[in-house]
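Heads up: the structure comes next, in C-alpha cells.
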Amino acid sequence: MDLGIFCKSTLDGEVVDHCFSSLLGIGQNADPSYLDWLMKAWGWTLAVAGLGLIISLLLGAVMGTLRTLPADTRLNRFLVRLSTTWVELFRNIPILVQVFLWYHVIPAFILPLKALPSYLLVSLALGFFTSARIAEQVRAGIQSLPSGQRAAATALGLNTFQSYRYVILPMALRIVIPPLTSESMNLIKNSSVAFAVSVPELTLFAMQAQEETSHGVEIYLAVTILYALSAFAINRAMALIEKRSRIPGFIVSNNEVAAH
Amino acid sequence: MIELKDVSKWYGDFQVLTDCTTRINKGEVVVICGPSGSGKSTLIKTVNALEPFQKGEITVDGIQLHDPKTNLPKLRARVGMVFQHFELFPHLSITENLTLAQIKVLGRSVDEAKTHGLKYLERVGLIAQKDKFPGQLSGGQQQRVAIARALSMDPIVMLFDEPTSALDPEMVGEVLDVMVKLANEGMTMCCVTHEMGFARKVSNRVIFMDQGRIIEDCTKEEFFGNPDARSLRAKDFLSKILAG
Amino acid sequence: MIELKDVSKWYGDFQVLTDCTTRINKGEVVVICGPSGSGKSTLIKTVNALEPFQKGEITVDGIQLHDPKTNLPKLRARVGMVFQHFELFPHLSITENLTLAQIKVLGRSVDEAKTHGLKYLERVGLIAQKDKFPGQLSGGQQQRVAIARALSMDPIVMLFDEPTSALDPEMVGEVLDVMVKLANEGMTMCCVTHEMGFARKVSNRVIFMDQGRIIEDCTKEEFFGNPDARSLRAKDFLSKILAG
Amino acid sequence: MLSLDLSFYNWELFTSYILKGLLFSVQLTVIATVGGIVFGTFLALMRLSGKPSMVYPATIYVNTMRSIPLVMVILWFFLLIPMLIGRPIGADLSATITFIAFEGAFFSEIVRAGIQSVPRGQGYAAEALGMTYGQNMRFVVLPQAFRNMIPVFMTQTIILFQDTSLVYAIGAYDLLKGFEIAGKNYGRPIETYILAAFTYFIICFSLSKIVRRVQAKVAIIR
Amino acid sequence: IDANAASQTLDKIKSSGAVTMGVRESSIPMSYTTGDSRFDGYHVEICRMILGDIKDKLGMSTLRINYQPVTSQNRVPLVQNGTVDIECGTTTNNVNRAKDVGFAYTLYVEEVRIAVKANSGITSISQLAGKKVATTTGTTSVQLLRKHEKANGVNFEEVYGKDHADSFLLLESGRADAFVMDGSILAGNIANSKNPKDYKIVGEVLSTEPIAIMVRKDDPEFKAAVDAAITKIVANGNMPKLWNKWFLSPIPPKNIVVGLALSPATKNAWANLNDKPAEDYNKK
C-alpha cells in the first residue's frame, strides 16, 4: 500500500510539491496530481448522479402517480397506458445499453442532441432508467394506502387532482422514502456507467489511473470509498427528510425491498 | 330525498346488487343490516357515487346520479359519509382534516372553515384534541372526528358504513352516543350497522339485505316487533346477532 | 394448575405488567377482561412462555417457566392457545394444519395424527372442510379449526386471546358455542374476551385488568352480582361494554 | 438523419457472435441467482439470528456490497483479488463469483423482508403448538416467506440479467459484448446498439410478464 | 534452450498441455476476433508460430491454445497474476510496465498519429487547438496527449472512448475532430469503417513506441524461449511475408485492406532485435 501515489504528477509520475496543487491553486503552473484528478472525477460523478436524481425523482413521481389514476375517463386511460409503457420501456433495457442509445444512437437521428455534452446525455439516461423504477415504488406506495383514503377524499367532494394533491400523494411519498433511498443510492452507483461514454468520472479515473500508475489497490480503494461515501450521504439526507416528514402518532411499517 | 330504483351492479361477472329499490325521506333514520358480503357497503357507496352502477336510477335531492351532466364532486360534498376505518387523513392535524374539503370544495376561507369545523369538533366533544394528529387519538375519538368532518360540510344526509365495527368494545358507546344525538336533532341518516340497540333506539326503518338483494324493508316496529313475519334468512341472522 | 406470582414485564422502559398474581385451578374457566392496552394479551402470552417476563414466577402444571432447564417447546405443546386472528397456516390444508404439530412435536405417526385431528374437526362441525385451505373458509370456520388444532395436541389447559373479536358479528355465535361446549366438558380455560354473555354463562372467575395490573379477581357472581363493590375503573368499563 | 441498414444482421452473424454471448449471460444469470439465493438466505438468517457475532459481520457485508457500484466490485474481484491471494482467476469464473457475492447481498435483503412479511402471529402460533425455532422456520415461516418472495426473486433475476452487461469491464463475452463485436467488425455500431436494446427489451419484458403470471399463481389465499 | 530450466510457465505448459494466449477483440490487424471464438492477426499469428516452436522444443505432440480476450485495462494484471501466459495484443513496452511484466523482442514499432475526417483540413497537431480529441481510456495515448498539451501550450478537449472502436465512433459521429492513437489501430478502424475514404491519417509522429508480446516478469526462462523463437522466425525471413499478409492484403472477416506501409522504424527493429522500452526510442 503506497498512498504517496496520489501526490504524484499525472504528467511524469514525479512527486509534486502540493498534493492539491492545481485544485487549490497553490503552486501556480504546478502539475496536477492524481489526487487533483480524483477529486475532479468525484465532482463529475456527483454532478452526473445529482442531475440524474432530479430528473428521475420528478419523472418517477409523475409516472408512478399516473399509473394509479382511476380508469374512468378516456384521458385517464390514455395516461395510464402512457405511464405503463414508459415504465416497461425504461426498466427492461440495461442501463449501459440505454447510455449507448442516448449517446450514440439517438443523436444520430435527432441531430440537435449532438450538441449536448455527454454528461447531460448520461444524466438523461440515468434519470429515465431510474424514473421507471421510482415510478414502480411510487405506484406501490399509493396502492399500499388503504382504499378508504381515496374513497374518503372523494366522498368529501374533492376531485381526482385534489385527492392526489392533498390526500394521496402526501402520504404515499412519505411511505416510499425508504425504497427511494435505495433507488437514489443505486443511481449514484449506476452513474459509473458514464465512463463508457467518456464522462471523466470516478470509474474512468480508476481504469486510467491504475493503468498509468500500476497501483490498482490504492486507486480502487480510494474510488470505492468515494462511491460509498456518496451513497452514504444520500442515505443520511433521505433519513433526515424522513425524520422531518414524520407524522406524530403514525407508524409506517415498510418491508419494501429495493433492488439495485 | 334519496331514491333508488332497480339499482343493479356487477363486478365483472359477479352481480353484487340486484334490483335494489328503496327511498329515504327527509329526517328519516334508516338502518341497513345483513350478512357479510351481502352488498351493504356497495349499496351505500353507489348512493354517494363512489361506485358506478350499471342499471337503474338513483336520485339524490332531485339530482339524477347517472346523468353524465351531474357534477359528482359537488353532489358528494352534500352527502356526508363515515367509514368503518375512519379514514382520517393521517398527515393532517385534526383541524386540517376538518377544514381541507371546506376550503378546497366549498371554497370557504381558512378562518370560516376553521370556525365552522371546530364548532362540530366541539359538538363531538373533542375540541381539546384539535391540534393533534389522527394517529394520536383512540379509535373512538378518530371516528367522532370523522363524523365532525362530514358534518362540517353541512350535508343534507349522512351515510354511515359500519362506523363502530372497527372499534374496541369500550369505545363503541361514545360513537353511538354521537350518532343518537344527531338522529334526535333530525339529521337524515342511513347507517349500515349491526348495533341492534341503536336500530331499536333511533331508526325509523330497517332494511335487510342478502346476496345483493333488499329482502326486508320495513319500519322498526315491524322488524323487531313481529319476528314471525320476517323472512327465514333475516330471522336466522337476527338470532345470531342478538345471541352474542 | 397455573400459578402466577408477582409477574412483571417491561418493553424497554415501558412496564406492561405490574406484579400480577393469580391462579387457575383444574377445570376452572377464567375470563380476563379490561380496556385495550391493559396487558391482557401480554399476560396470557407469558403463561405460554411466548413472551419472556423479567420478574416473578409462573408455574404451569408444576413446572417453573423461568427455570432455564425447562423444555419450553414441550411445555407449550401441553398448553393450547387460540389467537384473535386464528393464525392457521395458510399454506397448509386444514388436515395438515391439524396434524403438523402432532407429527413434528408429539412424534405421532401421520395416520394417528390424522385420525386424532379429524376427530376434533368433527367435534367443531367442520369435517366436510378437511381438504380445503384456510383462505377458503369464513372467519368463524377458521377460528373453529384453530380450536380443533389446539385441542388435537391434548392440552391440559386452553388459552384464548379475544377469539371472537376479529369475527363478523353473525359468526361470533358459532365460535362461542364451541367454547361453551368445551367448558361444559370440564376443560380448564383462560379466555381474554369481552363477550360478557359467555362470561356469565360458563366462567367461574373474572379477572379485570387495567394498565398492566390485575385490579379485580373474583367469582362471576361477585363480579356481575354486586356491581357496587367493583372498582370505579371496572364499573366504568362494564357500563361501556354492556351498553353496546 | 441517418439511414439504418440492418441487412448485415443475419443468422450467421447471430450464431457466430451473439449466441455465445447470450449463452454466457443466461448461464451467469442462472448460476448467480441460485448461488445468490443460497448465500443470501444464509446472510439473512445470520442477520435475523439476534446474535451480535452473526448480525454484525452479515450486516457490514450486505451494506458494503450495497454501496459499491457493481462495476467496481467486478473490477475488484477480477484484478485485485488474484493479486492478493496470488492465484490466477479467469474472467468467466471471476464474473460468476462476483455476481454470487454481490447478488447474495441483495437476495439476503429480499429473504429478510420475506421472513418479516410473515405475520408475527404465525410464529407465535407455531411456537404455541410446541414447535422449536428450527421447526417453526422450516414448516411455517420459510414456506410462506419463499412463496411471498418468488415474484421478487424473479424481478431481481431480471435485473441480474441486465447487470450481466457490466462484465464488459473485465472482457468477459456476454450478450452485449457479442453485439458490440459484431457491430464493430461489420462497421455498424449504431444499428447493433438498437438491436441490442431490442433484444434485451424482448427478453426482460417477456420475463416480467411471466413474473406477473407466477405472482398470481403462487399468492397464498388468506 | 534448456527445457528443464525452472520455468513455471514452461512447466505449466508441459504438464497441462495447454497455454493461454491473451488476445484483443478488435485491434485490427494486430489482434482481433473473426467471430465464434476465433482470433487472428499479425501478433496472434506470430504468437502461434512462437508457441509451435516452444511445443517442439518441449517435445510435445500437441499444444492446446486457449484464447483469453483482454482489454487495455486488464492486460497487465492478467499477465501478472498468471491468467494469461503470453499476451499478443498491442501493448506498448515502456519502463513503467516493465516493472510489472516482461516484454519479448519488438517486432512492430508503432507510431502514434492522428486520424481525422478527410474533409476537415487538419494536417497537424497544432491545428487541434480548441478542438475535441478522442482517445481510448486505459492507453498510453491519454498521458501522451496530456503531456503534449502541456509542453506545446495547445489546449484541446479530450474525449474518451471505452475501447478503440468506440473512440473511432466518436470521430465518425462528429463527437470528436481527431482520434489520436497508434497508427495501426487508426488504419484498421478506417479500413473497417463504412466509407474508408472519408478519413485519413495525418500529422507528425507524436511518439514512437515499441509494441511487444508480453510475458510474465518473474519467468526469464520463458521469455528467453519466446525471444529465441522470434529470432528464428526473423532469421527465416518470415517477417516481410507476414507484414504483407496482415497490412497490405485483404484480411478476414470482411476482406478489407488495412494499407499501412512498412515503416523504417519497424524494419530497423527486425534488423536489430531488442526489447528496449519506449523511453529509449523517444530519447534523442
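The chains carry the letters A, B, C, D and E, assigned in the order they are written, with residues numbered from 1 in each.
Definition applied: a contact is a pair of C-beta atoms (placed from the backbone, for glycine too) under 8 Å apart; a residue touches a chain by one contact, two chains touch by 3 or more.
Chain identities (UniProt): A = Amino acid ABC transporter membrane protein 1, PAAT family; D = Glutamate/aspartate import permease protein GltK.
No experiment lies behind these values; they were computed from the predicted model shown.
**Student:** Chains touching chain A and chain D alike, please list them.
**Tutor:** For chain A paired with chain D, the chains in contact with each are E, in label order.
**Student:** What's the overlap between the neighbours of chain C and those of chain E?
**Tutor:** Correct list: D.
**Student:** With chain centres defined as C-alpha means, what is the inter-centre distance between chain D and chain E in Å?
**Tutor:** A distance of 36 Å separates the two centres.
**Student:** Using the average of all C-alpha atoms in each chain as its centre, how far is it in Å between chain A and chain B?
**Tutor:** Their C-alpha centroids are separated by 47 Å.
**Student:** Per the centroid of Cα atoms for each chain, what is the distance between chain B and chain E, given in Å?
**Tutor:** Measuring from centre to centre gives 83 Å for this pair.
**Student:** Which whole number of Å gives the spacing of the CA centres of chain A and chain E?
**Tutor:** Here chain A and chain E have centroids separated by 38 Å.
**Student:** Of all the residues in chain D, which ones touch at least 2 other chains?
**Tutor:** As it turns out, chain D has residues touching two or more other chains at 79-80, 83, 168-169, 189.
**Student:** Where in chain A do residues touch two or more of the other chains?
**Tutor:** In chain A, residues 104, 108, 207, 210, 216 touch at least two other chains, as defined above.
**Student:** Run through the chains and report each pair that touches.
**Tutor:** Every pair of chains in contact is listed here: A-B, A-D, A-E, B-C, C-D, D-E.
**Student:** Show me the residue ranges of chain D that touch chain C in the complex, using the header's touch definition.
**Tutor:** Touch list, chain D to chain C: 119, 121-122, 124-132, 135, 139-140, 143-144, 147, 220-222.
**Student:** Across the complex, what residues on chain D touch chain E?
**Tutor:** Going through chain D, the ones touching chain E are 13, 15-17, 20, 78-80, 82-83, 86-91, 168-171, 173, 177, 180-182, 184-189.
**Student:** Spell out the residues on chain D that touch chain A in their complex, using ranges where they run on.
**Tutor:** Touching chain A from chain D are residues 1-2, 64, 66-72, 75-76, 79-80, 83-84, 106, 109-110, 113, 116-117, 152, 155-156, 158-159, 162-163, 165-166, 168-169, 176, 189-190, 193-194, 196-197, 200-201, 204-205, 208.
**Student:** Going by the contact rule set out above, which residues of chain A touch chain B in the complex?
**Tutor:** Spelled out, the residues of chain A in touch with chain B are 72, 146, 148-149, 151-159, 162, 166-167, 170-171, 174, 247-251.
**Student:** Name, in rising order, each residue of chain E that touches chain A in their complex.
**Tutor:** 72-73, 76-77, 96-97, 99-100, 134, 137-139, 142-143, 146-147, 150, 159-162, 166, 169-170, 173-175
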